[in-house]
Amino acid sequence: MADVGALVWVVPGGHIPFPGHGPEPQFTGFDELCVLNGTDSEAELELDVYYEDVDPVGPYRILVGGRRIRHVRVNDLIDPEAIRLDRPYGLVLRSPVPVVVQFLRQDTRLPGVVALTGTMAYPV
Amino acid sequence: MADVGALVWVVPGGHIPFPGHGPEPQFTGFDELCVLNGTDSEAELELDVYYEDVDPVGPYRILVGGRRIRHVRVNDLIDPEAIRLDRPYGLVLRSPVPVVVQFLRQDTRLPGVVALTGTMAYPV
Amino acid sequence: MADVGALVWVVPGGHIPFPGHGPEPQFTGFDELCVLNGTDSEAELELDVYYEDVDPVGPYRILVGGRRIRHVRVNDLIDPEAIRLDRPYGLVLRSPVPVVVQFLRQDTRLPGVVALTGTMAYPV
Amino acid sequence: MADVGALVWVVPGGHIPFPGHGPEPQFTGFDELCVLNGTDSEAELELDVYYEDVDPVGPYRILVGGRRIRHVRVNDLIDPEAIRLDRPYGLVLRSPVPVVVQFLRQDTRLPGVVALTGTMAYPV
(Lines give C-alpha, C1' and ligand atoms only; values in the text may rest on other atoms or scores of the structure.)
Protein backbone atom coordinates (compact mmCIF):
# COMPACT_ATOMS: atom_id res chain seq x y z
CA MET A 1 0.00 0.00 0.00
CA ALA A 2 1.39 3.38 -0.99
CA ASP A 3 1.80 6.27 1.42
CA VAL A 4 -0.42 9.02 0.09
CA GLY A 5 -0.87 12.56 1.32
CA ALA A 6 0.84 15.14 3.48
CA LEU A 7 1.85 15.51 7.13
CA VAL A 8 0.21 18.89 7.83
CA TRP A 9 -3.25 20.04 6.79
CA VAL A 10 -5.01 23.35 7.37
CA VAL A 11 -8.69 24.37 7.49
CA PRO A 12 -9.14 28.13 8.09
CA GLY A 13 -12.93 28.27 7.78
CA GLY A 14 -14.37 26.37 10.73
CA HIS A 15 -17.73 27.38 12.22
CA ILE A 16 -20.07 24.75 13.66
CA PRO A 17 -23.67 25.69 12.71
CA PHE A 18 -25.97 26.10 15.70
CA PRO A 19 -28.65 25.24 16.55
CA GLY A 20 -29.61 22.20 14.48
CA HIS A 21 -33.01 20.74 13.58
CA GLY A 22 -34.09 17.18 12.88
CA PRO A 23 -33.32 13.73 14.27
CA GLU A 24 -29.89 13.34 15.89
CA PRO A 25 -27.23 12.43 15.09
CA GLN A 26 -27.98 12.37 11.33
CA PHE A 27 -29.26 15.94 11.16
CA THR A 28 -27.21 17.56 13.88
CA GLY A 29 -25.32 20.53 12.48
CA PHE A 30 -21.62 19.75 12.29
CA ASP A 31 -18.17 20.47 10.94
CA GLU A 32 -16.38 17.24 10.14
CA LEU A 33 -12.82 16.17 9.41
CA CYS A 34 -12.48 13.14 7.15
CA VAL A 35 -9.04 11.49 7.30
CA LEU A 36 -7.70 8.69 5.10
CA ASN A 37 -4.60 6.88 6.35
CA GLY A 38 -3.31 4.68 3.53
CA THR A 39 -0.21 3.57 5.41
CA ASP A 40 0.11 0.39 7.44
CA SER A 41 0.71 2.33 10.67
CA GLU A 42 -1.84 3.61 13.12
CA ALA A 43 -1.49 7.39 13.33
CA GLU A 44 -2.14 9.71 16.25
CA LEU A 45 -2.95 13.07 14.71
CA GLU A 46 -2.54 16.29 16.67
CA LEU A 47 -4.97 19.07 16.05
CA ASP A 48 -4.62 22.71 17.10
CA VAL A 49 -7.66 24.97 17.08
CA TYR A 50 -7.16 28.63 16.19
CA TYR A 51 -9.49 31.46 17.16
CA GLU A 52 -9.96 35.13 16.35
CA ASP A 53 -9.26 36.51 19.78
CA VAL A 54 -7.39 33.99 21.94
CA ASP A 55 -4.33 31.75 21.64
CA PRO A 56 -4.64 28.41 19.88
CA VAL A 57 -5.95 25.50 21.93
CA GLY A 58 -4.55 22.01 21.64
CA PRO A 59 -3.39 19.52 20.90
CA TYR A 60 -6.55 17.53 20.38
CA ARG A 61 -5.74 13.93 19.44
CA ILE A 62 -7.39 11.81 16.77
CA LEU A 63 -6.45 8.17 16.27
CA VAL A 64 -6.70 6.75 12.74
CA GLY A 65 -5.79 3.11 12.17
CA GLY A 66 -3.51 1.95 9.38
CA ARG A 67 -5.40 1.43 6.09
CA ARG A 68 -8.43 3.05 7.67
CA ILE A 69 -10.46 6.24 7.36
CA ARG A 70 -11.98 8.20 10.20
CA HIS A 71 -14.68 10.85 10.08
CA VAL A 72 -14.61 13.02 13.21
CA ARG A 73 -17.18 15.67 13.99
CA VAL A 74 -15.44 18.74 15.38
CA ASN A 75 -18.44 19.05 17.71
CA ASP A 76 -17.26 15.89 19.43
CA LEU A 77 -13.77 17.14 20.29
CA ILE A 78 -13.82 17.88 24.02
CA ASP A 79 -10.27 17.35 25.32
CA PRO A 80 -8.47 19.66 26.25
CA GLU A 81 -11.72 21.67 25.98
CA ALA A 82 -15.00 21.58 24.05
CA ILE A 83 -15.04 23.57 20.84
CA ARG A 84 -17.77 26.15 21.14
CA LEU A 85 -20.62 26.11 18.69
CA ASP A 86 -21.37 29.12 16.50
CA ARG A 87 -17.86 30.57 16.86
CA PRO A 88 -15.32 31.05 14.05
CA TYR A 89 -12.25 28.83 14.27
CA GLY A 90 -9.52 27.27 12.15
CA LEU A 91 -7.59 24.02 12.36
CA VAL A 92 -4.03 22.83 11.86
CA LEU A 93 -3.70 19.04 11.77
CA ARG A 94 -0.36 17.23 12.08
CA SER A 95 0.15 13.56 11.36
CA PRO A 96 3.23 11.35 11.88
CA VAL A 97 2.48 9.60 8.57
CA PRO A 98 1.09 10.92 5.27
CA VAL A 99 -2.70 11.25 5.31
CA VAL A 100 -5.36 13.05 3.26
CA VAL A 101 -7.89 15.34 4.95
CA GLN A 102 -11.26 16.59 3.70
CA PHE A 103 -13.53 19.09 5.46
CA LEU A 104 -17.34 18.90 5.48
CA ARG A 105 -20.07 21.06 6.99
CA GLN A 106 -23.73 20.18 7.53
CA ASP A 107 -26.00 23.11 8.35
CA THR A 108 -29.50 22.39 9.69
CA ARG A 109 -30.19 25.74 11.37
CA LEU A 110 -33.44 26.04 9.41
CA PRO A 111 -36.12 23.42 10.12
CA GLY A 112 -36.68 21.10 7.17
CA VAL A 113 -33.56 22.26 5.33
CA VAL A 114 -30.11 20.77 5.06
CA ALA A 115 -27.19 22.65 3.50
CA LEU A 116 -23.78 21.12 2.83
CA THR A 117 -20.41 22.54 1.96
CA GLY A 118 -16.86 21.28 2.03
CA THR A 119 -13.45 21.25 0.46
CA MET A 120 -10.25 19.34 0.55
CA ALA A 121 -8.15 20.73 3.42
CA TYR A 122 -4.96 22.59 2.43
CA PRO A 123 -1.85 20.37 2.48
CA VAL A 124 1.42 21.94 3.60
CA MET B 1 -4.33 16.03 -26.99
CA ALA B 2 -2.28 16.64 -23.86
CA ASP B 3 -2.10 14.24 -20.95
CA VAL B 4 -3.51 16.09 -17.98
CA GLY B 5 -3.79 15.05 -14.39
CA ALA B 6 -2.36 12.52 -11.96
CA LEU B 7 -2.26 8.74 -11.58
CA VAL B 8 -3.55 8.49 -8.00
CA TRP B 9 -6.46 10.39 -6.47
CA VAL B 10 -7.87 10.29 -2.94
CA VAL B 11 -11.29 11.11 -1.44
CA PRO B 12 -11.38 10.66 2.35
CA GLY B 13 -14.92 11.92 2.97
CA GLY B 14 -17.30 9.42 1.37
CA HIS B 15 -20.76 8.83 2.86
CA ILE B 16 -23.71 8.03 0.58
CA PRO B 17 -26.79 9.87 1.94
CA PHE B 18 -29.69 7.55 2.76
CA PRO B 19 -32.62 7.41 2.27
CA GLY B 20 -33.40 9.65 -0.72
CA HIS B 21 -36.63 11.37 -1.74
CA GLY B 22 -37.95 12.31 -5.16
CA PRO B 23 -38.02 10.74 -8.63
CA GLU B 24 -35.19 8.30 -9.38
CA PRO B 25 -32.55 8.42 -10.65
CA GLN B 26 -32.35 12.23 -10.76
CA PHE B 27 -33.05 12.74 -7.06
CA THR B 28 -31.55 9.59 -5.62
CA GLY B 29 -28.99 10.47 -2.97
CA PHE B 30 -25.51 9.73 -4.21
CA ASP B 31 -21.77 10.16 -3.99
CA GLU B 32 -20.28 10.46 -7.44
CA LEU B 33 -16.82 10.26 -9.00
CA CYS B 34 -16.31 12.35 -12.12
CA VAL B 35 -13.27 11.33 -14.18
CA LEU B 36 -11.79 13.10 -17.21
CA ASN B 37 -9.38 11.10 -19.34
CA GLY B 38 -7.71 13.49 -21.79
CA THR B 39 -5.36 10.89 -23.22
CA ASP B 40 -5.98 8.83 -26.34
CA SER B 41 -5.97 5.55 -24.37
CA GLU B 42 -8.86 3.84 -22.69
CA ALA B 43 -8.09 3.56 -18.98
CA GLU B 44 -9.14 0.92 -16.48
CA LEU B 45 -9.08 2.62 -13.11
CA GLU B 46 -8.76 0.64 -9.90
CA LEU B 47 -10.57 1.86 -6.87
CA ASP B 48 -10.02 0.76 -3.25
CA VAL B 49 -12.63 1.58 -0.63
CA TYR B 50 -11.45 2.32 2.91
CA TYR B 51 -13.56 1.97 6.04
CA GLU B 52 -13.33 2.90 9.69
CA ASP B 53 -13.35 -0.60 11.10
CA VAL B 54 -12.44 -3.17 8.44
CA ASP B 55 -9.71 -3.67 5.84
CA PRO B 56 -10.00 -1.90 2.49
CA VAL B 57 -12.16 -3.56 -0.15
CA GLY B 58 -11.20 -3.65 -3.80
CA PRO B 59 -10.21 -3.22 -6.45
CA TYR B 60 -13.38 -1.93 -8.04
CA ARG B 61 -12.84 -1.25 -11.73
CA ILE B 62 -14.01 1.75 -13.72
CA LEU B 63 -13.47 1.98 -17.47
CA VAL B 64 -13.01 5.45 -18.97
CA GLY B 65 -12.48 5.76 -22.72
CA GLY B 66 -9.75 7.87 -24.27
CA ARG B 67 -10.80 11.52 -24.67
CA ARG B 68 -13.89 10.78 -22.60
CA ILE B 69 -15.34 11.60 -19.20
CA ARG B 70 -17.25 9.25 -16.97
CA HIS B 71 -19.46 10.06 -14.00
CA VAL B 72 -19.90 7.03 -11.73
CA ARG B 73 -22.20 6.94 -8.76
CA VAL B 74 -20.48 5.17 -5.89
CA ASN B 75 -23.91 3.66 -5.11
CA ASP B 76 -23.62 1.68 -8.33
CA LEU B 77 -20.33 -0.02 -7.50
CA ILE B 78 -21.21 -3.62 -6.63
CA ASP B 79 -18.19 -5.77 -7.55
CA PRO B 80 -16.39 -7.13 -5.46
CA GLU B 81 -19.20 -6.04 -3.06
CA ALA B 82 -21.87 -3.34 -2.82
CA ILE B 83 -20.83 -0.20 -0.94
CA ARG B 84 -23.19 0.21 1.96
CA LEU B 85 -25.32 3.31 2.19
CA ASP B 86 -25.09 5.64 5.17
CA ARG B 87 -21.64 4.39 6.20
CA PRO B 88 -18.42 6.46 6.24
CA TYR B 89 -15.81 5.46 3.67
CA GLY B 90 -12.89 6.82 1.70
CA LEU B 91 -11.51 6.12 -1.75
CA VAL B 92 -8.12 5.69 -3.40
CA LEU B 93 -8.28 5.68 -7.20
CA ARG B 94 -5.39 4.53 -9.42
CA SER B 95 -5.20 5.07 -13.15
CA PRO B 96 -2.67 3.78 -15.71
CA VAL B 97 -2.80 7.16 -17.47
CA PRO B 98 -3.12 10.72 -16.10
CA VAL B 99 -6.72 11.64 -15.30
CA VAL B 100 -8.52 14.29 -13.26
CA VAL B 101 -11.08 13.32 -10.60
CA GLN B 102 -13.83 15.39 -8.98
CA PHE B 103 -16.11 14.27 -6.15
CA LEU B 104 -19.79 15.24 -5.86
CA ARG B 105 -22.51 14.46 -3.31
CA GLN B 106 -26.27 14.87 -3.70
CA ASP B 107 -28.28 14.65 -0.47
CA THR B 108 -32.07 14.25 -0.69
CA ARG B 109 -32.71 12.82 2.77
CA LEU B 110 -35.30 15.53 3.40
CA PRO B 111 -38.39 15.53 1.15
CA GLY B 112 -38.48 18.53 -1.17
CA VAL B 113 -34.89 19.52 -0.46
CA VAL B 114 -31.69 18.88 -2.38
CA ALA B 115 -28.25 19.65 -0.96
CA LEU B 116 -25.02 19.43 -2.92
CA THR B 117 -21.38 19.42 -1.98
CA GLY B 118 -18.16 18.46 -3.68
CA THR B 119 -14.51 19.09 -4.19
CA MET B 120 -11.71 18.20 -6.51
CA ALA B 121 -10.22 14.90 -5.28
CA TYR B 122 -6.67 15.04 -3.88
CA PRO B 123 -3.99 14.20 -6.47
CA VAL B 124 -0.94 12.29 -5.27
CA MET C 1 0.42 43.29 -11.54
CA ALA C 2 1.71 39.75 -11.08
CA ASP C 3 0.83 36.90 -13.38
CA VAL C 4 -1.02 34.40 -11.26
CA GLY C 5 -2.34 30.99 -12.13
CA ALA C 6 -1.90 28.27 -14.72
CA LEU C 7 -2.39 27.86 -18.46
CA VAL C 8 -4.57 24.73 -18.41
CA TRP C 9 -7.50 23.98 -16.11
CA VAL C 10 -9.74 20.93 -15.90
CA VAL C 11 -13.29 20.35 -14.60
CA PRO C 12 -14.39 16.70 -14.89
CA GLY C 13 -17.78 17.01 -13.17
CA GLY C 14 -19.98 19.15 -15.40
CA HIS C 15 -23.73 18.58 -15.50
CA ILE C 16 -26.11 21.53 -15.98
CA PRO C 17 -29.16 21.01 -13.74
CA PHE C 18 -32.45 20.95 -15.63
CA PRO C 19 -35.16 22.16 -15.41
CA GLY C 20 -34.86 25.24 -13.21
CA HIS C 21 -37.47 27.06 -11.13
CA GLY C 22 -37.77 30.72 -10.16
CA PRO C 23 -37.16 34.07 -11.83
CA GLU C 24 -34.59 34.08 -14.63
CA PRO C 25 -31.72 34.65 -14.90
CA GLN C 26 -30.98 34.70 -11.15
CA PHE C 27 -32.54 31.31 -10.42
CA THR C 28 -31.88 29.52 -13.69
CA GLY C 29 -29.98 26.32 -13.04
CA PHE C 30 -26.41 26.63 -14.27
CA ASP C 31 -22.83 25.46 -14.30
CA GLU C 32 -20.50 28.43 -14.32
CA LEU C 33 -16.82 29.06 -15.01
CA CYS C 34 -15.26 31.95 -13.12
CA VAL C 35 -11.97 33.17 -14.59
CA LEU C 36 -9.56 35.74 -13.14
CA ASN C 37 -6.97 37.19 -15.52
CA GLY C 38 -4.44 39.15 -13.45
CA THR C 39 -2.18 39.93 -16.38
CA ASP C 40 -2.25 43.09 -18.47
CA SER C 41 -3.17 41.16 -21.64
CA GLU C 42 -6.60 40.25 -22.90
CA ALA C 43 -6.81 36.47 -23.14
CA GLU C 44 -8.80 34.33 -25.53
CA LEU C 45 -9.37 31.04 -23.72
CA GLU C 46 -10.13 27.86 -25.62
CA LEU C 47 -12.47 25.38 -24.06
CA ASP C 48 -12.99 21.74 -25.07
CA VAL C 49 -16.04 19.87 -23.84
CA TYR C 50 -15.69 16.15 -23.13
CA TYR C 51 -18.54 13.65 -23.08
CA GLU C 52 -19.12 10.05 -22.06
CA ASP C 53 -19.94 8.68 -25.47
CA VAL C 54 -18.74 11.01 -28.24
CA ASP C 55 -15.54 12.84 -29.16
CA PRO C 56 -14.75 16.17 -27.50
CA VAL C 57 -16.38 19.26 -28.97
CA GLY C 58 -14.55 22.56 -29.33
CA PRO C 59 -12.90 24.86 -29.13
CA TYR C 60 -15.37 27.20 -27.50
CA ARG C 61 -13.83 30.65 -27.03
CA ILE C 62 -14.06 32.89 -23.97
CA LEU C 63 -12.57 36.37 -23.96
CA VAL C 64 -11.29 37.72 -20.63
CA GLY C 65 -9.81 41.20 -20.54
CA GLY C 66 -6.51 42.03 -18.84
CA ARG C 67 -6.95 42.69 -15.11
CA ARG C 68 -10.53 41.48 -15.39
CA ILE C 69 -12.67 38.56 -14.25
CA ARG C 70 -15.36 36.88 -16.26
CA HIS C 71 -18.13 34.57 -15.06
CA VAL C 72 -19.51 32.49 -17.92
CA ARG C 73 -22.49 30.17 -17.62
CA VAL C 74 -21.78 26.96 -19.48
CA ASN C 75 -25.45 27.07 -20.51
CA ASP C 76 -24.64 30.11 -22.63
CA LEU C 77 -21.91 28.46 -24.71
CA ILE C 78 -23.45 27.82 -28.12
CA ASP C 79 -20.63 27.94 -30.68
CA PRO C 80 -19.58 25.46 -32.17
CA GLU C 81 -22.71 23.85 -30.64
CA ALA C 82 -24.98 24.30 -27.62
CA ILE C 83 -24.05 22.23 -24.58
CA ARG C 84 -26.98 20.00 -23.77
CA LEU C 85 -28.69 20.35 -20.41
CA ASP C 86 -28.90 17.41 -18.03
CA ARG C 87 -26.01 15.54 -19.66
CA PRO C 88 -22.66 14.70 -18.00
CA TYR C 89 -19.67 16.53 -19.44
CA GLY C 90 -16.18 17.69 -18.53
CA LEU C 91 -14.08 20.69 -19.53
CA VAL C 92 -10.48 21.43 -20.45
CA LEU C 93 -9.68 25.14 -20.57
CA ARG C 94 -6.50 26.54 -22.16
CA SER C 95 -5.31 30.10 -21.78
CA PRO C 96 -2.41 31.94 -23.48
CA VAL C 97 -1.64 33.69 -20.17
CA PRO C 98 -1.83 32.47 -16.56
CA VAL C 99 -5.37 32.60 -15.16
CA VAL C 100 -7.26 31.09 -12.23
CA VAL C 101 -10.50 29.16 -12.77
CA GLN C 102 -13.27 28.29 -10.31
CA PHE C 103 -16.32 26.15 -11.03
CA LEU C 104 -19.80 26.80 -9.60
CA ARG C 105 -23.15 25.01 -9.93
CA GLN C 106 -26.59 26.34 -9.05
CA ASP C 107 -29.35 23.74 -8.88
CA THR C 108 -32.99 24.91 -8.82
CA ARG C 109 -34.66 21.71 -10.03
CA LEU C 110 -36.94 21.76 -6.98
CA PRO C 111 -39.35 24.71 -6.68
CA GLY C 112 -38.46 27.01 -3.80
CA VAL C 113 -35.06 25.43 -3.24
CA VAL C 114 -31.58 26.48 -4.34
CA ALA C 115 -28.56 24.23 -3.96
CA LEU C 116 -24.99 25.32 -4.67
CA THR C 117 -21.73 23.47 -5.09
CA GLY C 118 -18.35 24.30 -6.53
CA THR C 119 -14.63 23.87 -6.37
CA MET C 120 -11.48 25.38 -7.72
CA ALA C 121 -10.81 23.81 -11.11
CA TYR C 122 -7.74 21.55 -11.38
CA PRO C 123 -4.64 23.37 -12.65
CA VAL C 124 -2.24 21.44 -14.88
CA MET D 1 4.60 27.24 15.47
CA ALA D 2 5.35 26.50 11.82
CA ASP D 3 4.72 28.93 8.98
CA VAL D 4 2.08 27.32 6.82
CA GLY D 5 0.59 28.50 3.57
CA ALA D 6 1.30 30.88 0.73
CA LEU D 7 1.71 34.63 0.24
CA VAL D 8 -0.80 35.12 -2.58
CA TRP D 9 -4.29 33.63 -2.88
CA VAL D 10 -6.89 33.98 -5.61
CA VAL D 11 -10.69 33.63 -5.67
CA PRO D 12 -12.15 34.17 -9.16
CA GLY D 13 -15.78 33.37 -8.35
CA GLY D 14 -17.05 36.09 -6.04
CA HIS D 15 -20.71 37.14 -6.13
CA ILE D 16 -22.47 38.23 -2.93
CA PRO D 17 -26.04 36.82 -2.97
CA PHE D 18 -28.73 39.49 -2.69
CA PRO D 19 -31.20 39.97 -1.13
CA GLY D 20 -31.07 37.78 1.97
CA HIS D 21 -33.86 36.44 4.18
CA GLY D 22 -33.91 35.60 7.89
CA PRO D 23 -32.46 37.06 11.07
CA GLU D 24 -29.29 39.12 10.66
CA PRO D 25 -26.39 38.67 10.85
CA GLN D 26 -26.62 34.85 10.94
CA PHE D 27 -28.75 34.52 7.79
CA THR D 28 -27.53 37.50 5.82
CA GLY D 29 -26.29 36.37 2.43
CA PHE D 30 -22.52 36.66 2.23
CA ASP D 31 -19.23 35.78 0.62
CA GLU D 32 -16.59 35.21 3.27
CA LEU D 33 -12.81 34.96 3.39
CA CYS D 34 -11.42 32.75 6.13
CA VAL D 35 -7.73 33.34 6.87
CA LEU D 36 -5.45 31.33 9.16
CA ASN D 37 -2.18 32.97 10.18
CA GLY D 38 -0.02 30.34 11.88
CA THR D 39 2.99 32.61 12.25
CA ASP D 40 3.86 34.65 15.31
CA SER D 41 3.52 37.94 13.40
CA GLU D 42 0.44 40.03 12.89
CA ALA D 43 -0.20 40.31 9.16
CA GLU D 44 -1.79 43.12 7.19
CA LEU D 45 -3.23 41.50 4.09
CA GLU D 46 -3.89 43.51 0.95
CA LEU D 47 -6.86 42.59 -1.14
CA ASP D 48 -7.58 43.69 -4.72
CA VAL D 49 -11.06 43.27 -6.15
CA TYR D 50 -11.40 42.48 -9.85
CA TYR D 51 -14.48 43.14 -11.96
CA GLU D 52 -15.77 42.29 -15.40
CA ASP D 53 -15.89 45.79 -16.80
CA VAL D 54 -13.72 48.17 -14.75
CA ASP D 55 -10.18 48.27 -13.36
CA PRO D 56 -9.39 46.47 -10.12
CA VAL D 57 -10.18 48.31 -6.89
CA GLY D 58 -7.90 48.20 -3.89
CA PRO D 59 -6.06 47.60 -1.79
CA TYR D 60 -8.54 46.66 0.90
CA ARG D 61 -6.72 45.82 4.14
CA ILE D 62 -7.41 42.94 6.49
CA LEU D 63 -5.54 42.55 9.76
CA VAL D 64 -4.96 39.02 11.07
CA GLY D 65 -3.10 38.57 14.33
CA GLY D 66 -0.26 36.10 14.79
CA ARG D 67 -1.53 32.61 15.64
CA ARG D 68 -5.05 33.76 14.88
CA ILE D 69 -7.78 33.21 12.31
CA ARG D 70 -10.08 35.81 10.91
CA HIS D 71 -13.33 35.36 9.02
CA VAL D 72 -14.20 38.47 7.02
CA ARG D 73 -17.44 38.92 5.13
CA VAL D 74 -16.73 40.53 1.79
CA ASN D 75 -19.98 42.46 2.32
CA ASP D 76 -18.26 44.31 5.14
CA LEU D 77 -15.35 45.63 3.08
CA ILE D 78 -16.05 49.31 2.52
CA ASP D 79 -12.67 51.06 2.19
CA PRO D 80 -11.64 52.24 -0.46
CA GLU D 81 -15.24 51.56 -1.60
CA ALA D 82 -18.10 49.20 -0.76
CA ILE D 83 -18.25 46.02 -2.81
CA ARG D 84 -21.57 45.97 -4.60
CA LEU D 85 -23.99 43.15 -3.92
CA ASP D 86 -25.18 40.90 -6.72
CA ARG D 87 -22.26 41.73 -9.01
CA PRO D 88 -19.57 39.29 -10.20
CA TYR D 89 -16.09 39.90 -8.83
CA GLY D 90 -12.83 38.15 -8.08
CA LEU D 91 -10.17 38.59 -5.43
CA VAL D 92 -6.38 38.57 -5.19
CA LEU D 93 -5.10 38.50 -1.62
CA ARG D 94 -1.47 39.23 -0.68
CA SER D 95 0.05 38.58 2.71
CA PRO D 96 3.50 39.50 4.09
CA VAL D 97 3.63 36.11 5.86
CA PRO D 98 2.39 32.66 4.80
CA VAL D 99 -1.33 32.21 5.44
CA VAL D 100 -4.08 29.84 4.30
CA VAL D 101 -7.31 31.19 2.78
CA GLN D 102 -10.70 29.50 2.37
CA PHE D 103 -13.73 30.97 0.59
CA LEU D 104 -17.34 30.47 1.72
CA ARG D 105 -20.69 31.63 0.38
CA GLN D 106 -24.04 31.66 2.17
CA ASP D 107 -27.08 32.19 -0.06
CA THR D 108 -30.42 33.05 1.56
CA ARG D 109 -32.14 34.62 -1.43
CA LEU D 110 -35.09 32.26 -0.98
CA PRO D 111 -37.08 32.61 2.27
CA GLY D 112 -36.65 29.60 4.53
CA VAL D 113 -33.73 28.19 2.55
CA VAL D 114 -30.00 28.37 3.12
CA ALA D 115 -27.49 27.23 0.51
CA LEU D 116 -23.75 27.01 1.09
CA THR D 117 -20.76 26.58 -1.15
CA GLY D 118 -17.06 27.11 -0.82
CA THR D 119 -13.58 26.02 -1.71
CA MET D 120 -10.02 26.53 -0.65
CA ALA D 121 -8.73 29.64 -2.43
CA TYR D 122 -6.02 29.10 -5.07
CA PRO D 123 -2.47 29.55 -3.70
CA VAL D 124 0.10 31.10 -6.01
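A, B, C and D label the chains in the order they appear, each numbered from 1.
Following the convention adopted for this analysis, a contact is a pair of C-beta atoms (placed from the backbone, for glycine too) under 8 Å apart; a residue touches a chain by one contact, two chains touch by 3 or more.
The shown structure was predicted, so the numbers you read here are calculated from the model rather than taken from an experiment.
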{"item": "Same-site or different-site touching of chain A by its copy chain B, using the half cut", "value": "different"}
{"item": "Angle, in degrees to the nearest 5, of the Cα rotation that carries chain B onto chain C", "value": "90"}
{"item": "Interchain centroid distance [CA atoms averaged], chain C/chain D, Å", "value": "21"}
{"item": "Where chain B touches two or more other chains, by residue", "value": "112-113, 115-120"}
{"item": "Residue ranges of chain C in contact with chain D within the complex", "value": "1-2, 4-5, 22, 26-27, 32, 34-36, 38, 67-71, 99-104, 112-120, 123"}
{"item": "Of chain D, residues touching chain C in the complex", "value": "8, 10-15, 50-53, 55-56, 88-90, 92, 105, 107, 109-110, 112-113, 115-122, 124"}
